[in-house]
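Have a look at this one before I ask anything.
Should a chain be cited, it is by its letter among A, B and C, assigned in written order, with residues numbered from 1 in that chain.
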Amino acid sequence: MYLDVTALGIKEMLAYRTEFFARLVGALINLAVLWFVWNAVFAASGLAVISGFSLSAMITYLVVSSCIGPLINSGFEYEIEWDVRTGRLSTILTKPVSYPIFRIFKGFSNTIFTLITNVLPIFLISILLINISLPVNFLAFLISVVLGYFVNYFMVFLTGMWAFWSTGSVWGLSLSRRMISDVMSGALIPLYFFPTWFADIARLLPFQTVFHIPLSIYLGKIVGIDIFYLFVQQVIWLVILGFLSYFVWKIAERKVIVHGG
Amino acid sequence: MFKLWKQLVKMNIKRWMEYRADFFIGIFAIFLTNVISIVFFWVIFQHIPVLNGWRFEQILFLVGLSYLSFGIWHTFLTGVSPHRLERYIVNGDFDRMLLVPFNPLLLLIMGDIDDDGFGDLIAGILVLGYASNALSIVWTLQNIILLTLTVIGAVLIIFSVVLLFATATFWIIRSAMLSEILYPLMRFTEFPLDIYNPFIIFLLTFVLPFGFINYYPAQFFLGKGLWMYAAYLTPIVGLIAFVISYSAWKYGIKNYTSTGS
Amino acid sequence: MSEVVIEAKNLGKEFKSLKRESAVKDLFSRTYKKVKALKNVNLKVERGEFVGIIGPNGAGKSTLIKILTGILTPSSGYAKVLDLIPYEKRKENARNIGVVFGWRSQLWWDLMVKDSYELLKHLYKIPESRFKENLETFSSILDIDKYLKKPVRKLSLGERVRCDLAASLFHDPPILFLDEPTIGLDVVAKQQIRDFLTKINRERKVTIIITTHDMGDIEELCKRILIVDKGKKIFDGLIDDIKKKFGTERVLIVDFQDPVEKNKLKWKGVKVLDTEENRAFLGINTKKASVSEIIKKILSKWSIYDISIEEPKVEEIIRKIYREGL
């Protein structure tokens, strides 16, 4: 039954296919800018390897980061806000579904659609045009991406929960979270480039499970048994944030039912 | 007309105070996006002394200049944007604007003052201030006048490009997707133009004159390079860009009134 | 002879509309079909008139209003409002007209009503004293004093339309256009608005053009109506004329004491429309039979509890006109 939600979500998105195409173009432009930047950085450095990255490894890092980004940033916190503002939430609550689970499956439709329209094209174009490298351990990479996806999901969900308490919009909070995440997760620059004190702090936070861990596995920076240690980190954060999300949701749900939204 | 503007400003301030949390969070979020940029550069410069001939403080000056101009545009001129125009056309508000004895473009601009832009403005002033101090730039009267003209020209350029994209709404209607391409394109101004290949430099100088927003003016104030006198062209380029865009806008309205909605 | 304030000659409007085929085909090519929203419409309205425009959905009413208010240019012919061509001199024309769209407010959504009014005062450059006068007058008639400090988004539809109505008249326009103003309103709100419109038409001699689906609006407000169908003006005249020409049917409702057989009620010019137990609905064509004669005949033959005569509603007449043409 929840799979119907996903299927329906995909159908809805077909209507916005031009927006997705535009987003793909935007992502490619972004990538192009960064390509030039890092080429300039390596040229300025004169070294073949900076902080353990060769230029091509860096480019690969950028591309894969650009692939993970759209996958996890589907903007569903705004959908939650929309549900709350328009009262659609109340309609959903009258049905025998769990709202958080409903949201997860709706999120899948976003993810699948983005995967096909944005991620795969970016990846394929990059392989053909700029010769990025393939993952060292594809299975481990895939697992870490999925785990990271859910960790990020709960963080976004919590951001969306703000809609139940704020009179304004979720936008500011969401953007702030994205910015902090971009820095702390290694999406902006690999954590390996940061001074050690910063990287150490970042490694204690959940953000790094979304980018840093999968990207490290992809580039083979972590291999063998150490990968499991990373999975454990991801799972721990997943469980913590999952419980937190559920807990906050329960409070929000009660607020809606008691106060009528 | 000035009374109208004063009135609208009062209305907007009222609105901000009503959603006070949003007011501050929004400014903070945008400020954060600029901080992230600075962090990016800071980390890079831990590994290289100079980027394509630009020192860290010089880069700061470059981006500070762009934050300032974008900040002014963001605060006062984002009433005109592809996605706003699309919304007004679709819900009938644009027709209502045409029924008032007033220039619809001015109506659009004055109707929406975006407090988030203050985040860019504050960032711009701080960064520019720090950079010019670190570089010991002397603010002679001549320099101040040129800076003012540069900023005005830069704001005109940004506004004109966005206006052009917004005008496309009259033909495409679903123009919101153009924003997805437009904002990544603006990203090119975050870095010095000389890191890009000649073709892109050409595009950013003669087609989408983003180069005149901060790159060429920065060259002048920093006393760098052969192109520094191009800085004088910024206000002129701004004017030309505006004339072109405004003509397209007028033509767009004509087309709109003949095809209906 | 009153002056002509609105004139339209051979007004035509053609739209290119997208023919939507399959989603895949649409990606690669676009086919258009030409739709004639208005065909050869001629119109003359004099100062002080109250004209209603009715027609089925898609008939072209809104297109006509859009052209007269200046936000749409015609494909052929021309229109003049107070000697200005509205779609060429948009701003000047805007000063002469007030417009109320039933479905879209001119007030700013987030602001209080009075703030929107202030903005309009500046936009139209209305002198402060005149603005205050109008505000007082409108507030009392439309009873909107209590809404002035409310944000527009918190108003009900009826409250909002009343505020919109006031807003449209602050600058004392000689002409008022209303596009479906009473749609979705309750009876009380409709009555308030109708009273207000009648008043300003009578006292201020404001020329009013109203498009509506509501026959109550038409019957109460308009002396003259235009019927538009498929882009053409198929009737332009006084309501009384319509009733005289086409309203030749009366419905007689008779409550008999005992049930009566249908075929006993057959006379020339009389049609049995319906029977319910002891009640009969008889349609009488007054060109062929006299109502009083029929009543006499019925009373002479049967005992009855009650008898009543119904005039045809304008609505039915117009429905007939849609169906059968003139």
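Quick note on the criterion: a contact is a pair of C-beta atoms (placed from the backbone, for glycine too) under 8 Å apart; a residue touches a chain by one contact, two chains touch by 3 or more.
Here the structure is a predicted model, which means the values were calculated and not measured.
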Which chain is the middle one, judged by CA centres? B
Ranking A-B and B-C by C-beta pairs in contact puts on top A-B
Could you work out which chain's C-alpha centre is the most distant one from the centre of chain C? A
Whole-Å gap separating chain A and chain C, where each centre is the average of the chain's CA atoms: 55
Using mean CA coordinates as chain centres, what's the gap between chain A and chain B in Å? 28
Could you give the separation in Å between the centres of chain B and chain C, each centre being the mean of its C-alpha atoms? 47
Which residues of chain C are in contact with two or more other chains? none
Touch list for chain B against partner chain C, complex: 3-4, 7-8, 11, 14-15, 91-93, 95-96, 98-102, 111, 257-260
Within their complex, chain B touches chain A through residues 19, 21-22, 25-26, 28-30, 32-33, 35-36, 39-40, 43-44, 46-52, 116, 174, 176-178, 180-181, 183-185, 187-188, 190-191, 195-197, 200
For the complex, which residues does chain C have touching chain B? 15-16, 63, 66, 69-73, 87, 90-92, 94-95, 97, 99, 101, 103-106, 108, 110-111, 115, 118-119, 122-124
Contact set on chain A toward chain B in their complex: 18-19, 21-23, 25-27, 29-30, 33, 36-37, 39-41, 43-45, 50-51, 166-169, 171-173, 175-176, 179-180, 182-183, 188-189, 193-195
